[in-house]
Amino acid sequence: MSPQIRVLVWNENVHERENPVVAKIYPAGIHSCIADALKSDDRLSVQTATLDQPEHGLTEHALEETDVLMWWGHAAHGEVGDEFVDRVLKRVWQGMGFVALHSSHYSKIFKRLMGTSCSLTWREAGEKERVWVCNPAHPIARGIDRYFEIENTEMYGEPFAIPAPDETVFISWFEGGDVFRSGCTWKRGNGKIFYFAPGHEVYPIYFNPKIQTVLRNAVRWAAPDPERWVDTCPQIPADRAPERLTVKGPRMHRKGEEGFK
Amino acid sequence: MSPQIRVLVWNENVHERENPVVAKIYPAGIHSCIADALKSDDRLSVQTATLDQPEHGLTEHALEETDVLMWWGHAAHGEVGDEFVDRVLKRVWQGMGFVALHSSHYSKIFKRLMGTSCSLTWREAGEKERVWVCNPAHPIARGIDRYFEIENTEMYGEPFAIPAPDETVFISWFEGGDVFRSGCTWKRGNGKIFYFAPGHEVYPIYFNPKIQTVLRNAVRWAAPDPERWVDTCPQIPADRAPERLTVKGPRMHRKGEEGFK
Amino acid sequence: MSPQIRVLVWNENVHERENPVVAKIYPAGIHSCIADALKSDDRLSVQTATLDQPEHGLTEHALEETDVLMWWGHAAHGEVGDEFVDRVLKRVWQGMGFVALHSSHYSKIFKRLMGTSCSLTWREAGEKERVWVCNPAHPIARGIDRYFEIENTEMYGEPFAIPAPDETVFISWFEGGDVFRSGCTWKRGNGKIFYFAPGHEVYPIYFNPKIQTVLRNAVRWAAPDPERWVDTCPQIPADRAPERLTVKGPRMHRKGEEGFK
Amino acid sequence: MSPQIRVLVWNENVHERENPVVAKIYPAGIHSCIADALKSDDRLSVQTATLDQPEHGLTEHALEETDVLMWWGHAAHGEVGDEFVDRVLKRVWQGMGFVALHSSHYSKIFKRLMGTSCSLTWREAGEKERVWVCNPAHPIARGIDRYFEIENTEMYGEPFAIPAPDETVFISWFEGGDVFRSGCTWKRGNGKIFYFAPGHEVYPIYFNPKIQTVLRNAVRWAAPDPERWVDTCPQIPADRAPERLTVKGPRMHRKGEEGFK
């Protein structure tokens, strides 16, 4: 049996407590609904974390035990502490997978990973969305036919200000006439990143079986190789150069000194 | 005659004032040396800015008048205010070119554009560097033969923790036995980005005619298209959808309201 | 005044002679319609060529005088001689731009440049297509607002079996419910490549002013840098190595000999 | 236990029979040496095939049973039948991994997958090569430290005329002063592709334990997802469109007809 993939589902968990429509759909929070969906795959070991926990539930220990971090944020992007953003970034660079859901396109972490504005257009009209598969054999599309539909959704539309994706897995068609790259992958350091657009909180989107299939696929796809690596500009002194080297000219740094940061 | 490209050469200008070796090589600052090199091309209109100026010389007005920003930083990355980092990022996304030099691989702006750690290895031994052209017809390599050499340089070596470049223009060979992707391009939003590794401040590298050729080429390559664009998630109300749309289901936002940020 | 860009518009010109519907729309051939559209930009110098000409009109002389080759083929992909395919490929690698239109996704040249199957799905129902701009400041989208519409079109749909584009400039929405990456860019060698999907021959699509705007933009975008380069594995003998080198061990090739091809 | 990966090691096997130096190093052929190296990993199931076999050993049955095809060719690229090139390409697009070794950068299959000239520079002087790891946690670099060395090698140098790699895993430093992107990855369709430069036949390079480690890593990395897909432009008739559609205007094709190819 292959080893389990350890997923941490993070949710700001704000609308579920403050908005009655959302509270009714997700009484235990979006994170619980998603965690339940993931648990149906017994290769996945699932934990959850929320904004209001100490360190937002993103302790060094929790991240050390995480292979893939799934992120849902919307109203409270600004309340995520920069220290924890940096902590997560470092883990992604080492190899931890990162799955950003819906409004998390505007989360601090996703924007930091992309290096672009991550702007898009949006419309809240409960319209129909049809999610098309752009590569039928992509691991994230396994179990999905040519497309699937979401009866009521928020429209997210182009232009989507992202760097060119490594792969565009899904593109959505909207009843109102728009299109959107709704499933895209990138790599930053050794971390695999997947953005998946559907998930507006006033509709029961995370109960949709096809959405749940994609989430499970995404976690398995984003799972890291066992080897991890991140570095902070090590000095390699001249006497450890592969070729014999005579030091010439002046220097800024002493041997063993750290570089500027 | 084609319109001029407006370059702003930014330098932290710290070592030139604090380190006698650097002060002797660049008595007027690295920025002045680079600006002089660029001015020899009369299609370029050149300004300079330094850390100690008000707003680090990066006023909205200065950036409005800038097509390409060239950046040199090393000891004082941390002193660049986050407000100005955000301001520059927005300009890059709109289309302003950004050329990061040498130790600027670790500048806040470059790291934010890349989304990776930007770590590398380094060695200060005054060794020889041979910069190889990976694509002889690339605009940034124009006027350079198969390679050029720098007699005394700081080694920057792999692994270089960057996202896969759109194009690797130069790879360097070092006397001590290392290699480095020393000239790489990316695009973020509409901004073209070029990283160029040579430039250690204790050697007179920016006086090297080949280096100067590359800097001029890089500015011309990074110059933006006249059209600029950046956006902040506009709401497109249902009555402005291209297809006729009947609003269904509940909503989180009122018409005309801004999204969460 | 900047120098003119020399465009060669190539068309197989088969349907225009054999199918009365197409003949009525394009009595002088699709190539003539496109050429007229390009000529309205006086920075473009426009020639045409067709399959039935000697060497398909793709003589070495004609290609030597071409900065950007625009290609329309459909029924006669197989009749394009491999010798001319290789000739065009070599020009693209040197720097000649290549714009593939509509059914040319299945042309020999485009498939050779992509390295994938270039399959897509299609439906001929005269439905409406809405072409969305994914990056409003991209040079190929200049003069286009958020989107434009084509009243009657052939549907080209996902999955589109292409390598991940360098940039996705347009994505199309179809009345019948499909989506398609209808405007994509790549680079092969120094040649810039743009694929643009609209253009089914039984509708007057190349008379659409927005389509014509995109074609003119595409030519200007794909125009090469003056410097060209292509190579065929030159041997660099040991006595021309940058570092002094003593030849060791056995050899397969004599000095000056060509490699295997 | 995870299922075995089925590797087919293909070799033109020409020099081993015609050149006494090569015959002495690889009396049973390069393919046998490589196959032995792969067999030391019991997760790999290894077969070999050579040019002189019926269908070059690339029968439909053999490819159906292959997860990863490893390729070594040099003197006889032109003798590989186009029919078998097309057959292999289709398998790669479906998902079969492809590992191109050394002089196979100029094989028909690799050039077809890349879409570029695949030119490089070369020098046969028995010089030292140092292979640097550009990403220490990349699966293909597992078990390799910062670098490894090959005492006698043929130099392959930049410019290497390839499309920008998805990832540059290795860059080589040469005693004679050159550099080369010696380990690169791409994806075409669902096939993962790895090019690995070392392997000149007059030196015993495939006996080098580090080289063997990389080959085993490469096979495991290139192994496909179980799902395969390739398509040939299916027509989706109007009555199977996801949205109700009334056919308008003229048509080129009848319902059920195949497109032009």
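All chains are identified by letter, namely A, B, C and D, in their written order; residue positions are counted from 1 within each chain.
The rule is short, and it goes like this: a residue touches a chain if its C-beta (ideal position, glycine included) is under 8 Å from a C-beta of that chain, and two chains touch if they have at least 3 such contacts.
Since this is a predicted model, take the numbers as computed values, not measurements.
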Any chain in contact with chain A as well as chain B: C, D
Far-end chain from chain D, centres as C-alpha averages: B
Interface copy of C-D among A-B, B-C or B-D, judged by whether over half of the contact pairs recur: A-B
Separation of mean Cα positions, chain D and chain A [Å, integer]: 31
Distance from the mean Cα position of chain C to that of chain A, given in whole angstrom: 36
Touching two or more other chains - residue numbers and ranges from chain A: 130, 135-136, 157, 159, 161, 164, 166-167, 177-178, 187, 229, 231, 242
Residues of chain C that touch chain B when the two form their complex: 2, 94-95, 130, 135-139, 142, 147, 149, 166-167, 187, 190, 225, 227-229, 231, 242
Chain C to chain D touching residues, read off their complex: 15, 19, 21-22, 74-78, 90, 93, 103, 106, 112-117, 119-127, 152, 155, 157, 159, 161, 163-164, 175-178, 186-189, 200-203, 229-238, 241-243, 245-253, 259-261
Complex contact set, residues of chain B against chain D: 130, 132-136, 157-161, 164-168, 171-174, 177-179, 181
